[in-house]
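Below is the structure I would like to discuss, written out as structure tokens.
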Amino acid sequence: MAKTFDLRVKIGSLTLSNPVGVASGTFGYGSEYEQLIPVDQIGAIYTKAVTLEPRSGNEIPRIVETPGGLLNSIGLANVGSREFALSKYPFLKGLKCSVIVNLAGSYEDDYVKTLDYLEEHAALDGYEINVSCPNVKCGGMAIGTDPSMVQKLTERLRTRTQKPLIVKLSPNVTDIAAIAMAAQDGGADAVSCINTVVGMLIDTKSKRPILPMSTGGLSGPAIFPIALAAVWKVSRAISIPVIGMGGITEPDHAIQFLLAGADAIQTGTINFVDPLMSLKVLEGIRAFMDKEGLTRVADFHQFLPRS
Amino acid sequence: MAKTFDLRVKIGSLTLSNPVGVASGTFGYGSEYEQLIPVDQIGAIYTKAVTLEPRSGNEIPRIVETPGGLLNSIGLANVGSREFALSKYPFLKGLKCSVIVNLAGSYEDDYVKTLDYLEEHAALDGYEINVSCPNVKCGGMAIGTDPSMVQKLTERLRTRTQKPLIVKLSPNVTDIAAIAMAAQDGGADAVSCINTVVGMLIDTKSKRPILPMSTGGLSGPAIFPIALAAVWKVSRAISIPVIGMGGITEPDHAIQFLLAGADAIQTGTINFVDPLMSLKVLEGIRAFMDKEGLTRVADFHQFLPRS
Amino acid sequence: MQTKTAKVLANEVVASGVYKLVARVPEPFEIPQVGQFLTIRIGEGIAPLLRRPFAYSNFDSSNGTLELIYEKRGNATSLLSSYQANDSIDILGPLGKGFTMPANGTLPVLLAGGVGIGPMLFLYQELVNHGFKPILIVGARSAERLPRELFPKATILYTDDGSIGGKGTVLDGLISLKSRSLLNHPLLYLCGPHVMMRVVYLWSKSNLSKASVQVSLEQTMGCAVGACMGCVVKIHHQKGFARVCCEGPVFDGDLINWE
Amino acid sequence: MQTKTAKVLANEVVASGVYKLVARVPEPFEIPQVGQFLTIRIGEGIAPLLRRPFAYSNFDSSNGTLELIYEKRGNATSLLSSYQANDSIDILGPLGKGFTMPANGTLPVLLAGGVGIGPMLFLYQELVNHGFKPILIVGARSAERLPRELFPKATILYTDDGSIGGKGTVLDGLISLKSRSLLNHPLLYLCGPHVMMRVVYLWSKSNLSKASVQVSLEQTMGCAVGACMGCVVKIHHQKGFARVCCEGPVFDGDLINWE
């Protein structure tokens, strides 16, 4: 007696087929994982950050393991908007699942120009505005830690697209709820949280920071409790959807995000470890709903009401 | 041919015999560990927080394990300043190692009154001002996330004691360096960082937060890279000594803190796992200095100069 | 209390999901009292991170051989079940306050639920050695969860599903003792799930005159030596809470706030 | 590329700190090219977290048996060395671009340093199968680090301490080949520590006319499938970097920015 669940999630004008996405920077442009997972079954793919011009990214090493985590300093390495439109867009456009482009830049204008370019040449299902990358000298987190800059940027982007705008929040702030409110006030359709936590390792042999820019962004299991607290707080401060991520390694973590107030989730670092985990998480969510008699994703919020 | 090392560290008017301390809340009032470790060899004991009045602390459970970490919600449970003076002070006073009292309160006045009381009735070697506890409704982190409040509190305490004042910083801020500068401007002799990171877990069976106040403080290996980045930044913003802690589980971690700019370190959660780790860390620091030809703790700072 | 590297002598399944670990502690060792516990650092990694507490279920002071009975519950106990003879384990103990021995002439009744059986077997033996004639009632979900070979012959069994012994809980066992009017000034010793202890305590206080009840509690532990205030239980006392690790794990039931 | 649960057939010490792992991959399996690699999820916990990459050192396509040679370096490889026959391992492969076979008549010279030996043994075998007469030069710190039983008979050995073979590095081996004037239009294949490959590459470019050099690089990997941009190496090309996991690990030495 298989029950039917309504797993759909609405983000602005967009309906995701299910709440499980794969996080920006951990799933490339989708095609890299094509042989390892039936990509179309994922709720949403969030692309690697796209900037107006191509970026070669930071020096090496860019990745190092920490206790229960991963510290990265990719530096928004990406092919740039033109090449994205030429070589990545066709594949992504052909997918049945929703595709959200992760948008990054150094200054407000960069975001605007990139959005304009993509709207015209590579229109997909929505934008995740990355104002929270800790691995670039300007832009990124510098914007994402200031509520007024977040609001202003969101407002400007809002006037230029009907597509869903999702603002991706940084955990490296005193009051993440204030940033979330600024995004909501600016007209965002949703927020996603969290991006990576600023972290560092030093090589005691060379006596130098391991990463070229000294610090990097921490992701993976270690940050799960931090991410859950962030989603919990943000969910209680705003009324638009919240997309939770950070340290998911098993379905139970995703369920915790949904219970905390998230409407959708993203698997990140764990995709590197188990490329099928996003769909295992989806299966686990379904099994939980079955066992608990939940029929819609919103039912998760009845236990710890968002407000 | 055993070399001699000068392991001493100066914090204001106080000289610690070596850079390794045991963190507040993880070593009780010292006597609890007496049978397990030669307490006198530790550089400094930082007591469990002392508040003016006794506090029974938060509801249960107060402790839960996370991936590579420990989430706690003790809520500053402690015997209060009078009982501290009566029953804890005599043992602590008899120790050969330095003893720093961790001071907490809800409002600025509480800190002042507690300090005054202890100065008169239970004078030890210095005070660590806990403005960073995430597990109490008021005080704690509410003060520690606001530079002007930190400066004002430090200034007030400064007028009332000659003893070292160490301000303990919270990582749950946008700009930890700004808080450190406020402490320095207020007259602190040192800062210690970091206190725990706000985190949360939800029990998907009961569908409730596991901790009674929903969120708690994350410590242990998971937070090590976050703590190291904090110490690195703080060390580059101020000139007073920095005491590093967060996630140390082995000597190499402590050495990373010292290289990042710390003058001393504290072992915390790991004391629960291996009660001897503080002294193993000290031994590891000594071995590193021997191998690298360092003779004083300040020599660690030559590789990555603080400013 | 002391930290020691003990050597595993055996680690075997004694019932479904239940194991008995036997290990040798090198000299000089401290001899645990009945009801005390130890903590084990399981694995060497960061998950599990904290040491895990287990009650002694036996201790041979002639050669430092300890025994414990444990249930596979999560990460740490699963990993513990993979330890084999000759492996080393990092232990810290003995810890906490154990059971108080009864006054002469008292009838000790021991009620164990689930893996609460470990300390109760130790206590049973100790009471017999001291000349008492204790009664032991053990409850479990079903027969296969009971390590019956380890039990004294006269053990009274109860299972939720009636698959062995009486159908019901250890409280039913206690009630049927009462109907046999064995109980005057009984001394009850309880170890098991919190709800079982609560129910038995409350029942005995209203149904047995002058019953005194000792309970062995569980709580998540950080330090296990009284330093972190993590392992508390609510008590009827102005300070509000007591630490299970050092003021317990054995408490007089009257002290506990059973709410 | 595919994820598979393979079964360990053997995992043995073949030299000091060096192991050979043999595992059976269930059907249907993909057959790796020489120079490709796979990643293994070692343990099931959160530390080590990332999968670890290893080059195939052999593959029997009749029954899906893979071999790899690895060195115990840190956490993950220590844990890997504890795997035993019949244990399962979670593998992902084959990954990356392998070696290009030489044109007929070319003399392939293979230089391996340390555990760079794995893919070189595979390549050697493959070249022999294709009718080439490759030369294999292997270097290590000292004799006991060399799994010599695995080497073809004619292997030229060099050790830093001279404990076996020539005293020096594989470059000394290459230089002495030149003096024997074996080398016209040689095709060099390198796998080993970055500095060794750099030195050999630079020397060969200035000392051997028309040498072409293929190098197999190592870099810390996140995804290993080209998605994360984590594993890059600097190249002489406007895009600045190439991903080792999918554009390599084998590169034409001329492309690499050896700075």
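We just call them A, B, C and D in the order they show up, numbering each chain from 1.
The rule is short, and it goes like this: contacts are C-beta pairs under 8 Å (C-beta built on N, C-alpha and C of every residue); 3 or more make two chains touch, one makes a residue touch a chain.
All of these numbers come straight from a predicted model, not from anything done at the bench.
A centroid comparison over C-alpha atoms places C as the chain most distant from subunit A. Two chain pairs, A-D and B-D, are weighed by contacting C-beta pairs, with A-D ahead.
Between subunit A and subunit B the centroid-to-centroid distance comes to 34 Å (mean Cα coordinates, whole Å).
Note on chain placement: the centre of subunit A and the centre of subunit D lie 36 Å apart, centres being C-alpha means.
Per-chain CA centroids place subunit A at a distance of 47 Å from subunit C. Residues of subunit A found to touch two or more other chains are 67-69, 221-222, 249. Among all residues of subunit C, those that touch two or more other chains are 46-47. In terms of inter-chain touching, the protein chains here all touch one another pairwise.
Taken in their complex, subunit D has these residues touching subunit B: 46-47.
Taken together, the subunit A residues at the contact with subunit D in this complex read 25-29, 32-33, 35-36, 48, 54, 56-57, 60-65, 67-70, 72, 74, 77-78, 220-222, 249, 269, 271-276. Within the complex formed with subunit D, the residues of subunit B that make contact are 67-68. Looking at the complex, you find that subunit C touches subunit B at residues 1-3, 41, 46-51, 92, 219-234, 239-241, 246.
Within the complex formed with subunit B, the residues of subunit A that make contact are 66-69, 71, 145, 172-174, 197-202, 204, 207-209, 214-215, 218, 221-226, 228-229, 232, 247, 249, 252, 255-256, 259-260, 288, 303-304.
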